[in-house]
Structures are given as C-alpha cells and as structure tokens.
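Next come two complexes, and both contain subunit A; in the first it sits with subunit B, in the second with subunit C.
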Partner chain A sequence: MSTTHEHTPLGGRLVTPPFIFLVVICVLAAIVLTQRFVFGLGEATNLNDGYPWGIWIAIDLIIGTALGCGGFVMAMLVYILNKGEYHPMARAGLMTSLFGYTLGALAVMIDLGRWWQGYNIMFPWLWNANSVLLETALCIFAYIIVLMVEFLPAVFERFGMKEARRRIHRVLFVFTGLGVLLPMMHQSSMGTVVVILGYQLSPLWQSHLLTLHFLLTALTMGYAIVAFESITSSLAFRRPYEMSLLGKLSGIMAWVMLVFFIVRYLDVIRVGGFPLAFAGDFKAVSFWIELLLGVGAILCLMPKGLRESPRYVFLGASFMLLNGFLYRLNCYLIGYDPGTGYQYFPSMGEILVTLGIFALHIILYLAFVKNLPVLHATGPARATA
Partner chain B sequence: MSMNRREFLKGAAVGGATAVAAAGASSEAQAITLMREPKERPEGALGLLYDSTLCVGCKACVARCKEVNHMPVEIYPDQSEWNSGTWDTAKDLSGKTLNVIKAYMNGTIAEKDRETDGFAFIKRQCLHCVDPSCVSACPVSAMIKDPETGIVSHDPDRCIGCRYCVYACPFGVPKYDFEGAFGQIHKCQLCNHRLPEGKMPGCVDACPTGATLFGRVEDLNKEARQRLSLKAGDAYTYPRGDISGAIERPRSPHEKVISAEYQQEVYGYDGPLGGTQALYLSAVSFNKLGLPHGTDNFGRKIPDHAYARETEGVQHFLYTGMIAPAAVLTALVLMAYRNSEKHTSEAEED
Partner chain C sequence: MSAGEVCAPTQDFGDLDGYKGALGGLNRREFLKFCTGVAAALGLSPALGVRIANAATVAARPPVFWLSGQACTGCTETLLRAYHPTVETLILDMISLDYNETLCVGAGHQAEAFKDQSMKKNWGKFVLILDGAVPTKDDGIYCKIAGKTYLESVKSAAEGAAWIIAMGSCASWGGIPSSNPNPTMAKAVSEVLPGKTVVNIPGCPPSPYNLLSTVLYVLTFGKAPELDEKARPKFAYGRLIHDNCERRGHFDAGRFALEFGDEGHRQGWCLYKLGCKGPETYANCPQIGFNDNGEASWPVGCGHPCFGCTEKGVGFNKPIHAMANVVSVSPPTLFPRVAEEKGQGISAGAAALSAGVVGAAVGAGAVLASRLGKAPPKEDFVPSSYQEKPDDHS
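Moving on to the complex of A and B:
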C-alpha cells in the first residue's frame, strides 16, 4: 500500500442529530460574542481588575493549543524519530493541530481588549523582543501557516491534483521541521509567560522550570489527544480500533507521562512548595486532583497487559488529558492570587464561548474526516455518527 | 534510530530528574545564572516620596489626580441609588482611578501609625519601577520607560489590550477599563503631561501635608533617609510639593513632632523587585499596607530583583540571536528530509 492511498474520506451524512446539537452551541456562543463586541468585555465576562485573564485565555488558548499538539508529536515520531509505522495516525493528528491552533488564535482575538488595533502585533518596529507573549503570538501565526501547508497534500489528494501533490512533497520536509520546532517554542514559552507573575503564583506551580513543564505537558497532551481521538472516532464511526498502533503508542505515553510526573513533583519539592499541598484550601485540592490524574494515567498505561485493552488506553489517555488540562488551569488561574481580595469564576457567557469553540473544533473534525482523506483506510467504512 | 524507544525515554526520565536535582542544588543560584543583567535607575530619575505618617487621609490627591487626568469618578453598582456622580468612592485602582488612598485598620483603630489597635494610610499609584514587569511583558512596546526620567508611560495607540501588563505587574497597577466596547489601559504616568508645562504632578500639588513629595529620586531618597533616624518626640521640618522648590512657586515647609517611629527602610530605593521611583516611608510594616515586602502570602521571600530578569533570562538563554532555534531547526529538517525521502519516492511512483 503506498502512502498516497493510505487515507480515505469516511463519507456519510454530515448533518446528524449530534451535529445539530454542536451547531446550536456555536450559535449560542455567537450570541455571547455579539454582546462582547457591542457592549464590551465587562458585559459578557466576569473578568475584573484582579483577574485580567479568564478561561478564554487559560482554557481556549493555553489548553486548546495543547490539545492541538497531536500533529507535532506524531510528526516527531514519524519523521524525526523515524517511526514510520505511526504514519497512518499522523494526518489526523495534523488536522486536530490545525484546528486547535486556529481556534486558539481565534480565542485570542475575541479576548483582545483593543482588537481593532490587534494588527499592531504584525509590525516589527513595535515588537518588544523581551516579551515572552510576543514570541508565543508570532509562533502561533507561523505555525498555523506551516500547518496549512502540511495539510495541503490531503486536499490535493481529494481533488486528484497529483502534480501539485508531488511538488509539495518535495519541500514538505522543511515544513515538517518547522512544524516540530514552532509548537515546541510556543508551548514551552507559554510556561515562561507566567514566571513573571512572581509571588502572585503559588509555589505549588511557580518555578523556573515552567518552560520545561509546559513543553512536557504539550507532549503528554499531544499523545493523549491522538489516542483519545483514535478511540472515540473508532467508536463513533464503528471502525476497528487501531489497537496494534495504539498499544505501542500507549507505551510511549506512559513513559512521557512518567517523565513529566517525576520532573514536575521533584520540582515542587525543590521550590519548597510541597507543604502548601496540606493547606487544605482550594489550591491544595486542585494540586492533589492534578497529581492523582497523573497517577491514574501512569497506572492505566504502564502495565504491558493493559495496553492491549482499548478501555484502559482510553482511560489512561483521558486521565493524561485531564492532568495536563488541570495543570495548565492551575498555573494560569487557580494557583494565581492577585492578593487583593479579587475573585473570578467564569460567567455563563464565557463558558458558552469556550464550549462553542470546542464544538466548532468537533464540527470541523467531522466535516473534514467525512470529506477529506484524513483517517487511514480500514476496509469498508460505515460512517454513521 | 539505533537507540530504542524505551532506552530513549528512560534516558529522558533520568535526564529530567537530574535537571531538577541540579536546579535544586540552589534554586537562588540557579535563578541567578539564568537572570538577565539588572537595570540601573537613570541618573535623572523622577519620582514620588510618600510618607504614610504625614498622610491625613483627606484624599485631595485622589480628587486632583482625577481632575488633571480627566478620569471619571467611581460609582459602584450598589451606589447608583444615591450617588449621582458628585461623590468619588474609589476603593482601589481601576480603569477609572489612577491614584487611591487606602487604609490599614486593626483592632480598635485607636491610634494612627500603630500596627495593633491602630490604623495607617497608604497611597497607591504606579511605582515607576526601575525594571518594570509591564514594560518587559508588553508585546507591542506600548509600555515605555523613559531613558532619562524613568517615567513609565503607556501608549494606547499601540496597545492591543491583551492585558498581560495587568497580569504581570507585581504592584497591581495597570488596569483595563472593562466598561464599554472600546476599553483602554489606564495607569499613573507621573503626570508627564504637566511637567513640560512647568507644573508638578496633581497629587503632589494637592497634598496639604507634604505626605506626597515630587522630585529627583536621589533627592527624595536623601530626604527620606534623614527621617529614618528620628525618634518619637523629635521635631522635624517637612517640605511640601517639589523637593527642589524649582517647579512652580516654592511651598512653605511645616514642623511636626514625631509620634511614631519609622520602619527602618526607604521602601523602593534598593528594592524589593528591582527598585522603584516611587518611594515609601511608613511607621507600620510595608506588607501591612499591601506593598509586597518580606514574605508573600505563601511564605516565600519577596526577591530584591525584578521578576523581568527571570523571564528575560530564560528567553535570552533560549533565543539570543535565534542561534539555538536555528540549530534545532537544521537538525529537524535534516532528519525530516532523510526520513521522508522514501515517502516522496513512493508518491512519485503513482
């Protein structure tokens, strides 16, 4: 079987009841956004002088782009570490990255308090080279472009543009390289972003190694989302599980998770934050849940026997996703204490927009896998979901 | 790949643990090796000196600040019944308030400038940091520190409203105006629109007791140091307005008998957090007044250095000259080329 024919569109009806449900969420989110743009951020959100960043940044951007790391971790495996056997899973990962990053960028634009001059970030004469946030922003834009190029072969295949596909293949390795470097830079720098919070971030999370931790959670979440999506789409589209690959991937996941776990908690001890885990407050509870999710992931994925079971791989991947999710939420919101009695809990509108962005992600996923050669061919596909 | 995956990951695990252990050998030392060079206060740095023991809490400075900066009064939602806008009730800095007087209160609140059963005032505005987090954080250079005066100003035409400065400032100063569709960042800019007109900052001009003084930071520091040695019962002649007396008309000083002894520190001159150009004197400890000092809420030491040195240290370590990213990219591209060659030839066979 040659590379070009490994992937096929699933086909099948796009507009199904779950699809309509997702569209409804998006419509509700759009209503909130109208409110946000007409009446301002204060009207639609619970943001305040103590909490200038809420879930639109912490979840939609910081966590959303981590969920968009499937592409880069698979590319790393296939093209850099030369594990060609994972090639069938690479394209689906690439596509979720494209959505994850594009929607992350969308969230930033929604959140910008002076969006009408947001283009200022594109002017090199205004760039502040010391700003970690600038670097993350430029990486996002560059990576979205790289992802689009990387995804072009699927589009060319779909429309039978053989010549174009052949040409792009010749230069694709450059984009593959960029497509690994840029998310590594972006993901690690999102950790550096919160170092400047200094004493405002609890020592359960504040550390000079945040840069490393965010890179590691990009890996854990990247692998976990690939496994998670593989299993959910097998269930939803009634395709056979990709168990031979998933089993092997689970081994990698278990070890990556273990590395992060060890590094992260040794670091908490190093900065002297561990006693705060017994403070009995909300931060401490969140710390323990994060830790237990990590333990759960390792327990589900480490034993060789369990890796053959879709159930345990699914459970392990879910724990891993939630561990990374909570870790990042803790770093950006829960562990943050502006120290002046300010409080923040997202408004209904903020939650709706966040849900809307995730719904849009799934809508795009469904539309793409049904119409473009993204998932690898597994004999007759019977798309129903 | 000759090394198998397991070995590779095991190696990574051991390597990671070693990195943490090495970093942990001395977290302070580790921070210092990666920290960017400290910044110096400019010679002609301008600033404020606020002496909490002189402040009577009249808030004339709050009102004048609003007036000279054309800022609206603060009416909280629960006051809309009775407050038609004649009564400014600012409790904290906000998108409407660049300067605020807050009170520390304890127990019976019987005596001023006493920590137990006492009270004290504190003026809050931008401290015009020597090494400001807001300037380091802003992606589009909308926070600018003047190289001569050291005044940290804001340019709304550049600002994209990302609010990273709000998040990053260790003194909680810049605020985004969340009301309305076209919000803006607001913060004290040391009335740098008044200085060219030969006028002193509004808050200083309005202060009846000289609790807030304006001038060169060096002069303000000298003045502040003299006060540190005063004992209760000593009389001292306090200046008002601009400490050099050069701006506008010279103000008459006034004599006051010291009732509470000063904390033995001019807050802001040598730190914490890299130092500031707004200096503070107080009889009650600075952290009681809400200024980061000593240890934080979590029991960590508030560092003497600016946090910007830490983030920029990491950033420069990884990205100076883009050498490291370029090297990594070259390696990645070479490996990708080698490993995708066979895919390319397959594709061409079609």
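Moving on to the complex of A and C:
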C-alpha cells in the first residue's frame, strides 16, 4: 500500500447558501417522515399490495448503494489489482460508500413496516434462511461496519491519534478484503431478488443473469461516481482536475461499460425479450433510453482523445450513472407489473424523502471533506491541464 | 293400492284383539288400517304400516322415553330429518320410542298411561332423552304436563333411567329459556338431577346424528362415549368449529367479510368480524353439516356467522354480531381491507416535482458540461454551482 501522498481537510465555511438549500430539503423530508412514522406507510406513500416497494427501495437503496460502490471499486483497483497510482481517489470513494450505504440502510428502516424489529438482524437464531433478502441484509449490515473501520484512519489523522492510526493500519488489510467481497455479494444478490419476480418483470429485464448484470452495474456506477465526484468537487472547490488519473480511469470505465452493454443486450436477445422493445409502451421507451445512455457513455469514453477532456469524462460518467440508475429502476419498478390493475407512482412525500436522503448525502460530504483529511493535498506539481 | 288393502305378512301381530282399550277399542283390522294410514300420513309406503303395527306390538327393542320441557320441538324436528338411519328405521327397527309428545300416536290420558306402564315395566333399563330446559321457580309450575310439573316428571323418570341424555342446548345448559332475565329460573337437566350422569348433546338444534350416535353407542357398548368436561361426547364436540371450518383459510390469511353482502361476504370469506362464534364453540357442524346436504347447510356454509349454540355462555348470551374470544390462535390486530387499494395514478404535485427534478438534473448537467470546456476553473467561479448536485444524483 503505497501512500506517498497526503490527504488534507479542505477547510472553509460550512454554512453557505447551497448548504442551507440542502438543509431545507432535509427538513421537508423530515416532515414527511414524521407523517410516515405517526400515521404509517399508507398515509405517506402510494405503496400498495401490488407495489410494496416504491422509490425508497428502488432509488434510495438499490440505486443509492450502487452509487456507494465507489469505495469498493477503487479498493479493488488499488489493493487487489495493485494499481497504487489511483490511491489518491480511494479515500473519497470510500467516504461516499460509507454515506451511500448508511443512508441506504436508513431508507430500508424507513420503508420497513415493522421497523422497530429491525435490530433482529443481529440475532442469528431469528434469521429466516429461506429469505432471498437475508443475505442482502446481512451483507449490507456487515459492510457498513467494515466501511466505518476502513474510514477510521482519516478520523485518527485528523485528531492526531498516531498510535491508533498505526495499529489499525496493521489489520486494515482484512477489512479492505472484506470491503471488496461483501459488496460483490450483496450487489449481485439485489439482482437475484428480482429474478424471483418471475413473469411479473418484463422479459426486457427478466433473466437468470440479473445477478451478473447487477454486479456489472455496481462496477459501472462505482467507477462513474468516482469520476463524477472528482470533477464536480474540482469545479466546486476550485481545485485542479485530476485528469492524469481520470484519463486512465476513463479507459477502465469505457471497457467495463462495454462489457456490461454487450452482456446485457445479448442477454435480452437470448431470453427473447427484444421484440417487446418495439411494443411502443412506456417500458419500451424506458428500455431505449437506458440503451442510448449506455451508447452515449461508450461514445464519450472509448475514444482515447476524448478521455483527456474533463467535459467528455464528465458526460461519459453522467451517462454511465444514468444508465445504471435507469437499469435498476427499470428492474425494480418500471419493468415490473404485478397484474390485476395495480399501479404506482411515487407520492410527493416519497419524492421529497428521496431528495432529502441525497441532500443529506451531500451535506455529509461537504462537512467531511471540509473537516477531515479526505481529499488529497494538491500542489503545483499535480495541477494538470 | 288403497290404504286399507295391504299385501304383507301378518302372522306376527300377536293377540291384538286381546289388547282391549289400549288402542281406543280398535279391533285387529281397524288397527292395521290405522297404522297404514299413519304410514301414508308420514309419506311412507303403505306396506310400512304393517311394520309399524309390528313394531307397536313387538317391543323387544330398547325402550326410549323422550320428555319435553321448555322446548320448541326443534330437537324432535331435527330427528325427523335424519336419513341414515331414517327415523322410521330408528323407531321401528332399532329402538322402541315409547313416549314422545310430538311423535306419539296416542294422546292425552292414553299416552300418559302407556308411558307409566312402560316405564314401570322397563324400570332401570330404559334410555331417557330430555329436551327443553326445566323451570324451577315456584316449584316448577311454569311447565306442566298431565297435571305434573316437568321438574317432577324429570326427577321421577330419571330414577328409573339407565341412561339420561340431554338433547339440545336448553336441556344441556339452559338454552334460550335460561337467558336473561330468565323469569322461570330455567335450568339444565344436569342441574336439577344432581348426582346423575347426564350426557349433553347441545345444539339448537343439534345434528340428529350426534343424538343417534350417542343412543346407539350406549345401547351397543353399554357405556357412555368419552365425554368432555361439559359432559358432551368428544366424538362430536371435541374440536372447535373454527378448527374444521371450510373458511378457516380466509381467517388465517386475514380475509374477512365486514358487512353482509360486501365483496368479502360474496367471496365466501371468514365471518369472524361479523361475530362468528366458531373460534370459541366446540361442535362438529362443519364436518357433517345438516340435512345430509354437505356443507351447504350449516350456518357458516350459508354465509351466516355461527352464534355458538352449543356453548354455555355464548349462544343466547353474547350478541350475535359481537366478536368471539378466540380460543386457539388469535387473529392479527390489523386486517387488510376487503377490496385492496390498487394504487392511484400520478398526482399533479408528484408529476410537477418529478419533472422539476429531472429538468434540474439535465439542466445542471448541461451547465456543468459547458463550464468544463473552460478548464482550468477560473477565479470568478462560484462554489454555489454545486447546489445542482443532488439533482444529478436523483
């Protein structure tokens, strides 16, 4: 583990106008959540028996944790594939993972009908070994703990606890290993959960390879969110772009995206779902948008010349994120039809809570990068382009 | 073939002409004519009149006396609707029903005299079936038959009975006459016969097969069938109605009719919320039904909640539509709706909000992408641009 560079807090004022804007969104979400916890899910959401899962699961958890895969894909790159040069981006990725998963778990607690029994996951004798969700729940629970441990060095550095920093460094490799293994397990399990929906999921998405697709989208979205955050935080905090690393990372992103694209759409043809793409309904439209976003990502990232441009890397990363976002939303909501007349569109309250969770994510991000050594220190030598 | 002309063996009639006065002074021919008439009146083949005549004179079968007190005759009526064995097989071939106010051929002093005579003859051997509650207030003067109070009749008959069977809810635990305010202080048979073993066959009315099976059991084996703590035969009253109910699956799944005629009621869902007492009532109604008509003819099968007639303190005590105390598995505290909501379409607010979020995300992305063309960031760049970031995520 070569850690030749330094991380440093950004410093600066925390409470800025955009920060206040985000807090307002969180307050609105809190009001809706009060309604949810006082009067129940039925009062605050449009959920029904046909759609027991709405956007709180589909977006906040399934997509939110995919956006939180930045930490695991960077750890895989740096520590498993031994590409030490990406290390400066690893800690930021780790932190977004920590927030992504913690907030995903929060979303699950909000969505659980009997949330007060959620702590039962800690007691093995209460586990339901036949539930496809058990593995996912256990993995996410364990992974959040692993992420906290992985992030501890930043906290120790900030408060000058050198001895603690040195000690945790010795055992950190175990947690790093777990930190790669666990997300691969539960991200693929999120695909397995949808396999059991059977015919209720349109053949445009239903497949026995959903497990693989969800693992691949975890990779595409994980890398894309790292690039996306790198560029947006460079813009926001007026730091130089990390183009020397981003350019190389874009190459990886392009190939991962291409692999997913090929596997995904060959699979649609294999299961015979492709003719439904011409059905002209909302599902077909959503299928084509998802496909075009994938094409867009590959076109932006594949040509070597474009990888030097922050604009195209940003566009490519955005397309990749949206492609994964829409793919998972399609699998969990848009492509899903329980039959017999059930319908679902999120209520305003549900949308506000989802926005609030993402706003909280950014609030935490701002608070952490300004006060803890998360982003790497910049010097004149690193300023590129 | 007219009613009087019977071609059947007549050799075993015994000395009918010697039975003077017993049949109102009828001679042998008149008696046969009468029995055939009875058969015709019952809708039976005229040939059965001969068997009735035979049965009336050859009394080798176990004698049974049926006394009625504060009763509605429903218990006798239910016996008439038994088909295996049929009531004529029962009373002509299997038992000798020596007294029953509804089924007696004779009437008045004649019937009473025959009862007393037969009881004396069979003292200690006969089966005594009692239906109806026993009024005890003012020494039982509120129910009198042939000048005797019912209380007196029951007590004296019980002395000579080998077996005492309380037929129906009134005899078993008091039934409707004993319900509030109980002006005659009606009591169950077992309450006025302390120390006697009384087999209870509660029900309003009970299934005739519960009585027949009990009677035939004691006559065959010479002992009472296994009884529960309320002296009911376990073969019929061993399990909750709830546990054998054909609608039990709906109870377990939380599907309840909430009103008569609602969607759940029409679908045949559980009647618990309409006050069905099946969960606290022990009887075999769901297994055998009534009238040999399968499950189409018992209250729950017809769509009406069970009102708990076999259970003391439930039938005629609790309001028919009050919810039962579930003896076995308690239902969940929350129930799904009868017609589950299927979700509503997109609301104007949600549509506007989603469109706003998507628009802001696309707009912010476009603005960011255009600014990225001018790298490195200029000094005049304001940090506030990252307020668009949440939209890019969502």
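Quick note on the criterion: the second predicted complex is superposed on the first by the 374 of 385 C-alpha atoms of A that agree within 3 Å, B and C clash if a C-alpha of one lies under 4 Å from a C-alpha of the other, contacts with A are read in each partner's own complex, and residues count from 1 in each chain.
Keep this in mind: a residue touches a chain if its C-beta (ideal position, glycine included) is under 8 Å from a C-beta of that chain, and two chains touch if they have at least 3 such contacts.
Model, not experiment: these values are computed from the prediction.
K.L.:
For the three-chain model obtained by superposing on subunit A, do subunit B and subunit C clash or fit?
P.N.:
They clash: once the shared chain is superposed, the two partners overlap in space.
K.L.:
Give one of first, second, both or neither to describe whether A:Ser347 is in contact with subunit B, with subunit C, with both, or with none.
P.N.:
Only subunit C is touched by A:Ser347; subunit B is not.
K.L.:
Figure out whether A:Ile59 sits in contact with subunit B (first) or subunit C (second), or with both, or with neither.
P.N.:
A:Ile59 sits against subunit C, while subunit B stays out of touch.
K.L.:
Quick one: classify A:Asn120 as touching subunit B (first), subunit C (second), both or neither.
P.N.:
The first partner, subunit B, only.
K.L.:
Considering only touches as defined above, state whether A:Leu22 meets subunit B (first), subunit C (second), both or neither.
P.N.:
second
K.L.:
Output check: A:Asp49 vs subunit B and subunit C. Expected answer is one of first, second, both, neither. What do you get?
P.N.:
In the superposition, A:Asp49 touches subunit B and subunit C alike.
K.L.:
Quick one: subunit B or subunit C, who's touching more of subunit A?
P.N.:
After superposition, B is the partner touching more of subunit A.
K.L.:
May I ask you to decide whether A:Val195 touches subunit B, subunit C, both, or neither, giving the answer as first, second, both or neither?
P.N.:
The answer is first: A:Val195 touches subunit B but not subunit C.
K.L.:
Of the partners subunit B and subunit C, which touch A:Ala359 in the superposed model: first, second, both, neither?
P.N.:
After superposition on chain A, A:Ala359 lies in contact with subunit C alone.
K.L.:
Once both complexes are aligned on A, which of 55-63, 145-153, 163-171 or 325-333 in subunit B overlaps with subunit C?
P.N.:
Residues of subunit B that run into subunit C: 55-63.
K.L.:
Name the residues of subunit A shared by its contacts with subunit B and its contacts with subunit C.
P.N.:
After superposing on chain A, subunit A residues 47-50, 340 contact both subunit B and subunit C.
K.L.:
Give every residue of subunit A touching subunit B within the complex, in rising order.
P.N.:
2-4, 37-42, 45, 47-50, 52-53, 78-84, 87, 108, 111-118, 120-121, 123, 126-128, 130-135, 137, 162, 165-166, 169-170, 172-174, 176-178, 180-181, 184-185, 188-189, 192-193, 195-200, 202-203, 208-209, 211-212, 216, 251-252, 255-256, 258-259, 262-263, 266-267, 269-273, 276, 337-340
K.L.:
Could you list, by residue number, the parts of subunit B that touch subunit A in their complex?
P.N.:
1, 5-6, 8-10, 12-13, 16-17, 19-21, 23-24, 27, 30-31, 34, 92-95, 133, 135-142, 156-164, 166-168, 170, 172, 175-176, 178-185, 273, 290, 292, 296-298, 300, 302-303, 307-308, 310-312, 314-315, 318-319, 325, 328-329, 332-340, 342-344, 346-350
K.L.:
Would you tell me which residues of subunit C are touching subunit A in their complex?
P.N.:
Subunit C residues touching subunit A: 336, 340-347, 349-350, 353-354, 357, 365, 368-373, 375-377, 379, 381, 383-387, 389-390, 392-394.
K.L.:
Can you check the complex and tell me which residues of subunit A touch subunit C?
P.N.:
16-18, 21-22, 25, 46-51, 59, 67, 228, 231-238, 240-241, 309-311, 314-315, 318, 321, 340-348, 351-352, 354-355, 358-359, 361-362, 383, 385
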